[in-house]
Amino acid sequence: MNHDHVSEALHETRLVVNGVQHTVRVPARRLLADCLRHDLGLTGTHLGCEHGVCGACTVLVDGLPMRSCLLFAVTVDGAEITTTEGCRSADGGLGPVQRAFMECHGLQCGFCTPGFVTTVTAFIRDHPDPTEAEAREAIGGNLCRCTGYQNIVASVLRAAELVRAPEGETGP
Amino acid sequence: MTTRMFGEPIARREDPRLVAGDGRFLDDLGAGALAAAFVRSPHAHARVVDVDAAAALDVDGLVAVYTYEDLDGRVAEPLPLLIPHPSLHAPRTAYPLANGVVRHVGEPVAMVVASDRYVAEDACDRIRVAYAPLPPVVGIDAAVRAEHAVHDDVPDNVAAHMVQEVGDARAAIAAAPQRLELHLQIERSASMPLEGKGVYARWDAADRSLRVYTSTQTSTSVRMALAAKLGVPVDRVEVVAPDVGGGFGVKIVHPWPEEVLVPWAAIRLGREVKWVEDRREHFVSSAHERGQRHTVRVGFDDDGRLLGLDVEFLHDNGAYTPYGIIVPIITSTQLLGPYKPGAYRVEFRSLYTNTVIVTPYRGAGRPQGVFAMERTMDAIAERLGRDRAEVREVNFIRPEEMPYDHGLIFQDGRPLVYDSGDYPASLAKLKKLVGWDELAAERAQARTEGRRVGIGLACYVEGTGVGPYEGAHVRVETNGKVVVATGLTTQGQGHETVFAQVAASELGVPVEDVAVVTGDTRRFKYAVGTFASRAAVMSGNAVALAARKVRAKALRIAGEALEVDPADLEVVDGIVRVRGVPDAEIPLATVAVLANPLRYAFDEEAKRATQFAVGGGTDVPPVRDGDEPGLEAAGWYSPIRSTFANGVHAAVVETDPETAEVKILRYCVVHDCGRLINPRIVEGQIHGGVAQGVGGALYERLVYDEHGQLLNASFMDFLMPYASEVPTVETDHLETPSPLNPLGIKGAGEAGVIPGAAVFAAAISDAEGLWIDRMPISPSELWELRRQTTPKGDG
Amino acid sequence: MKPPPFRYHRPSTVEEALAVLAEAGHDGKVLAGGQSLVPLLNMRLAAPGQLVDVNRLAELAYVRTGTEAVQVGALARHAEVEHDADAHRAVPLLRQALEDLAHPTIRNRGTVVGSLVHADPSGEMPAVLTLLGGVMELASVKGRRTVPAAEFFVGPLESALRPGELATAAVFPRPPARSGSAWREVARRRGDYALCGVGVLVTLDQDRRVQAARAACISVGPTPVLVDLAEAVGGRPHDAADWVAAGALVAAAVDPEDDIHATAAYRRHLAGVLTARAGHAAALQAAGSADRRGPGNPRGVPR
Amino acid sequence: MRVSGNATLHAPVEKVYAALNDPAVLVRTIPGCERLERVGEDAYKLTVTAGVASVRGTYAGDVRIADQRPPNAFVLKASGAGAPGTVSADVSVQLAAGDDGTTELAYDADAVVGGMIGGVGQRMLVGVATRTADQFFAAVDDVLTGAAPAPEAVPAGAAAAGQPAVFTAPPRAPGLPGGQLAAGVVLGAAAALLGVLVGGWVTRRAARAAARRP
């Protein structure tokens, strides 16, 4: 494995992250997660395993949840990326999914939470009125070591409520 | 005093930043820092013959490569033994970098510092280490056989040997009308927080001061350790635990090799250095727990009442013992649970193996002990053909027998004395919650439908809030805001919220006005750490005591200002007022100004304060003897001994007659941790603990081969449960306040995980009519067990 | 765990891609979904000198359902195939199996053709292609060729794809009329690799008797194990076929190994149990389709 | 982990055994072997490029022949190291005369796989190693039966056992090159295993460990 580090080429890569256009020059091997965290300073996306199992690094790529530890930044050149920072409400306050996690105690240490927030944001967009079973299935690819998931499932259902009835006239 | 905030299930103060991605975890800091990576041993036991870094030197971006030979001063000495014990006769700790011999796969051999982690790993790949393999000692059997030694000077591989006995257990068993002998085993698992460890160090050469951020459960102790190891005056070392992505025990160990080496390198290089542990490293170089094998001999009467209990067990402590023998000591004492054992004898040996070190993981020896005790209770019930709950009932310590002295020494070196608890009431609540008395019929009904349904239950008692102390500082600022600081750290338990609730309740201010800082030695220097379910008990009470001092001082000053007896004053929503006199009041903010004789009119409060005449007169000094400027105080809580929480869990499972898959139909928890500061947070702790209990019972196991290779060092093969594997938990609470502390609380952090293995073993045994004596159990193992018991194979 | 450096190519046409692959030879590796390759790189267990990123080859991003088969292009993600209504009507087994493939987040990026080239004996897709008797379409600068599933899966993680070759599509034939299929697997956790998985395809004759029945199993051999069930259930009425006997056939045919998650004996046992379950479900579906005159090849050409 | 297998070789036992020390044969018969250096009596250093599909790696390996009990048994001690990890295997080889001047060969390998590759699961190792060894034996038997070309002459000076000498593999035709059969078979079997373990298997195993599907 003889790689010439001196000549590791940089690739100009354009990403629209949370609605903001960024252009970065990164090596081909730069993982999207590292590009977001270190090149763009968006540290809300976390790395829990770097082999695609835990889901902490999940971001939305053109609207679809994907593992940012299994994508090279260059390979999603030109894509629209949404991280948990981009799941805020328009006024900059907490978005409905983020609010739901807070209301339902859907997090403890909060390390895995950004991956859940992005995953759930996409899920309730496509399933506005999920059953509890559907909510549980929806988060089935994300690991959490703290909560036991019970309050995360509740958060998914609450988030759907908040999206259906903004500013949550409905109680949890 | 208003207790409005205490006991309220309010939303957490820390959540807004965490859900929005504004948390500050270790790797979110130090953007410009150099990155460290480590070359780690691929061998379980080997002599390091040569380390050749030549090929790494032309890696563009490489800054430094260090091996043991480069270490100096106390950094070159073995890491400290944190908790010595007389029974730990052969303690051994590792060097920060291997000194000639590696004793487990993953032991660090060389440290690389480079421009970023990618480059650091490129360099690691090019460093060639020549090893001369030595015979590895893997597993309890090999350690006991001692054909080979992990440490040359410990030929029998026995690190510790301990015996405790109350009465003559063996005689009592011999004389008992009924006797049983059981062999019970629990395999290895690990804390496995989703954020690994990490260290980020900054050395200020001009100021000769060091700041270290580390993902730890004890920043104050890391500070002391670094000052000693690096020879930097302690007041020149600051250690900060930023947001920590879970700990569950593994992050209480300190200093980790990397915790010493990263600051050491930062000082040498005069550059910021950061190391972020990746998942592979965490599997092979952090810590594991749980691996124990128990032999239980018990004598009992025809009602199932224990007459004598004799437990011998073997504990696999891995390659080194930096954290002492806390885990087996806890097993040996907490195994007793809510029961009176009659005469009791316990003996354990703690054994060296060429595997990752073993230190506490949530539950810390209790899951093993409870598994041994509760399986024994089930076996007694089966022998006597009696109801399993009934057999437990007859052995319970009764509430009127509290405080109950077992006559043993607990983990804190103090007598094992239960302070409170109503075990019969806990069991009664659980039986009601799960519908114990109806389940027999339901199970029989299911049988007729060809379904295999079983129920199991397990009781536990958990010593929480071990000393020696915790402290807190509470200050009311001149704007009326309250700042609480504790040296104790947090890893997701919601301390920013519950400590604010305690302070708000004690002071009589809105919780929104209270800010809490944890785990920052710049703010509070003395603390022990967050482990052993002690944070709420220790720091919660320390915060309360500090707040009470502040409140007393506020009432005294306000009394002078309002010219009334402080006894007639109350504090409501941040206003000190005279009971029953509407307009006679003064804001706490103003009192804070009055508390400082130096009264420059910096703000409105200061101006308003001038209308009040306090401070005695010209015949006394502005700051009177025994007084201090400012409306603030530190409080310390140091308990005489631990307080004991308890609980009962029940699980209803269904096993597939063909595939032997285990489905959890229901999981019920009754929990008594005294008074609840925030019920929602306590529930969350229970849910999370139960999930880890499910993992430990049905999924999680660390598998070593005979060569000491960890075969499943990834999330692919170490099976932590997803949402699809974890049941909805039904909970009920009992609140028997602890008489030992001002708030009457007991710890809740570990409880949920403790009875997991026991309760699932019981439920599966019940569904299958098979005896289960080792956990975890997989569908394949259950199916093989069926084949052994019913020769024709699957049921 | 960060990947080692590599030379990166991002061709925009298939021709360009083939040229680059030909140039790279053994040193080149195709990056499509990357859901297996990238973890492998992150762990530094693989270090190809050159990566050829085919994610810009829009011409390969398709799912085409025709009268004979469903053709899946190299850039069709698992999720796109899973949710394609026409493909589902034509070949229900695709969705049936895809629902058990990892988790939705992975299926959003991973590709069906990538799964096939990966040739994982625990992967669902190779078994599905094998069970349906499908083919792989391969291209290189030397030209194009098609390889039947039976010859494509050579060994564990080893396919017939040659250095310099690009798998451009996979073809999943429609089952004949009066056919039904089912997929059953047991995994430790939902979404994990199966301890054992079985797909069954059943075709009934005019009289609702079993005309053909086959099973394909995963995680019980170096490649998907295909077993003809006719001996056990052939000619039997769809509702009276002995699927347990069919399971016994499969259990006898597979060659599983022990590992840390399950014994070989348990896997063999599962192969039998899951065949019986899938066979029963497939027969029901076949009977239903016989009522509805579909799904399946309208001309009912038996294969 | 253990890997074992058998093969029938169409050459007498003595010939099989005698051919063991011909590096020119070894360098041609060891799968992926690019360079082989005799570093002493019965001891060789070799460079193996191994892999699956296009995911390949180069690994440095050692093979030593020990416990020789001519003409029926010996042990091959093979080890290799590459960035992904380390492998060492003791391969005990038994030779017995079969019918019509053939040799029945049986090997039994006990291998230790360390480093990253040791930790990401070993579910496929045995299967892959066995399969590769089988392929190797089959191909070699082709050579035995004349289906593959005979080897070129041994470089001069290399024949004297114990003398350091470097051998490099000539360009190879597709399929396994020939060689004095027994040598190829025996050492090749060990090296095949080694190659599989440090090379092909590594990448296979990695792909298996890769969290999810492609």
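Think of it as A, B, C and D in the order they're written, each chain with its own count starting at 1.
Criterion: contacts are C-beta pairs under 8 Å (C-beta built on N, C-alpha and C of every residue); 3 or more make two chains touch, one makes a residue touch a chain.
In this text, all values refer to a predicted model and were calculated from it rather than measured experimentally.
Enquirer: Enumerate, in label order, the chains that touch subunit B and subunit C alike.
Expert: A, D
Enquirer: Among all chains, whose Cα centre is located farthest from the one for subunit C?
Expert: Of all the other chains, the one whose centre lies farthest from subunit C is B.
Enquirer: If I rank C-D and A-C by number of C-beta contact pairs, which comes first?
Expert: When the contacts at C-D and A-C are counted, C-D has more.
Enquirer: With chain centres taken as the means of their Cα atoms, state the distance from subunit C to subunit D in Å.
Expert: That pair's centroid distance is 33 Å.
Enquirer: Based only on mean CA positions, could you tell me how far subunit A sits from subunit D in angstrom?
Expert: Chain centres of subunit A and subunit D, defined by C-alpha means, are spaced 48 Å apart.
Enquirer: Counting only Cα atoms for the centres, state how far subunit A is from subunit C in Å.
Expert: That pair's centroid distance is 30 Å.
Enquirer: Where the centres are mean C-alpha positions, what is the separation of subunit B from subunit D, in Å?
Expert: 50
Enquirer: Which residue numbers or ranges of subunit A touch two or more of the other chains?
Expert: 1, 3, 5, 8, 27, 29, 49-53, 70, 140-141
Enquirer: Going by the contact rule already set, what residues in subunit C reach two or more other chains?
Expert: Counting only residues that touch two or more other chains, subunit C contributes 1-5, 34-35, 38-39, 43-44, 47, 102-103, 106, 190-191, 260-261.
Enquirer: Could you list which residues of subunit B touch at least two other chains?
Expert: 118, 122, 125, 278-280, 711-712, 714-717, 722, 724
Enquirer: Over in the complex, which subunit B residues touch subunit C? Could you list them?
Expert: 117-118, 121-122, 125, 278-280, 658-661, 699, 703, 711-712, 716-717, 719, 721-722, 724-725, 778-780, 783-784, 787, 793-794
Enquirer: Per the contact definition, I'd like the list of subunit D residues that touch subunit B in the complex.
Expert: That would be residues 1, 81, 83, 85-86, 88, 112-116, 118-122, 209-211 of subunit D.
Enquirer: Of all residues in subunit C, which touch subunit B in the complex?
Expert: 1-5, 43-44, 186, 188-192, 195, 260-263, 265-266, 269-270, 273
Enquirer: In the complex of these two chains, what residues of subunit C are touching subunit D?
Expert: 4, 24, 26-30, 32-40, 43-48, 78, 101-103, 106, 110-111, 114-115, 117-118, 120-123, 125, 155-159, 161, 163, 222, 257, 259-261
Enquirer: Taking the complex as given, what residues does subunit B use to touch subunit A?
Expert: 11-12, 14-16, 18-25, 27-28, 31, 58-61, 116, 118-119, 122, 125, 192-195, 243-246, 248, 278-279, 491-494, 680-681, 683-684, 687-692, 714-716, 720, 722-724, 726, 728-729, 752
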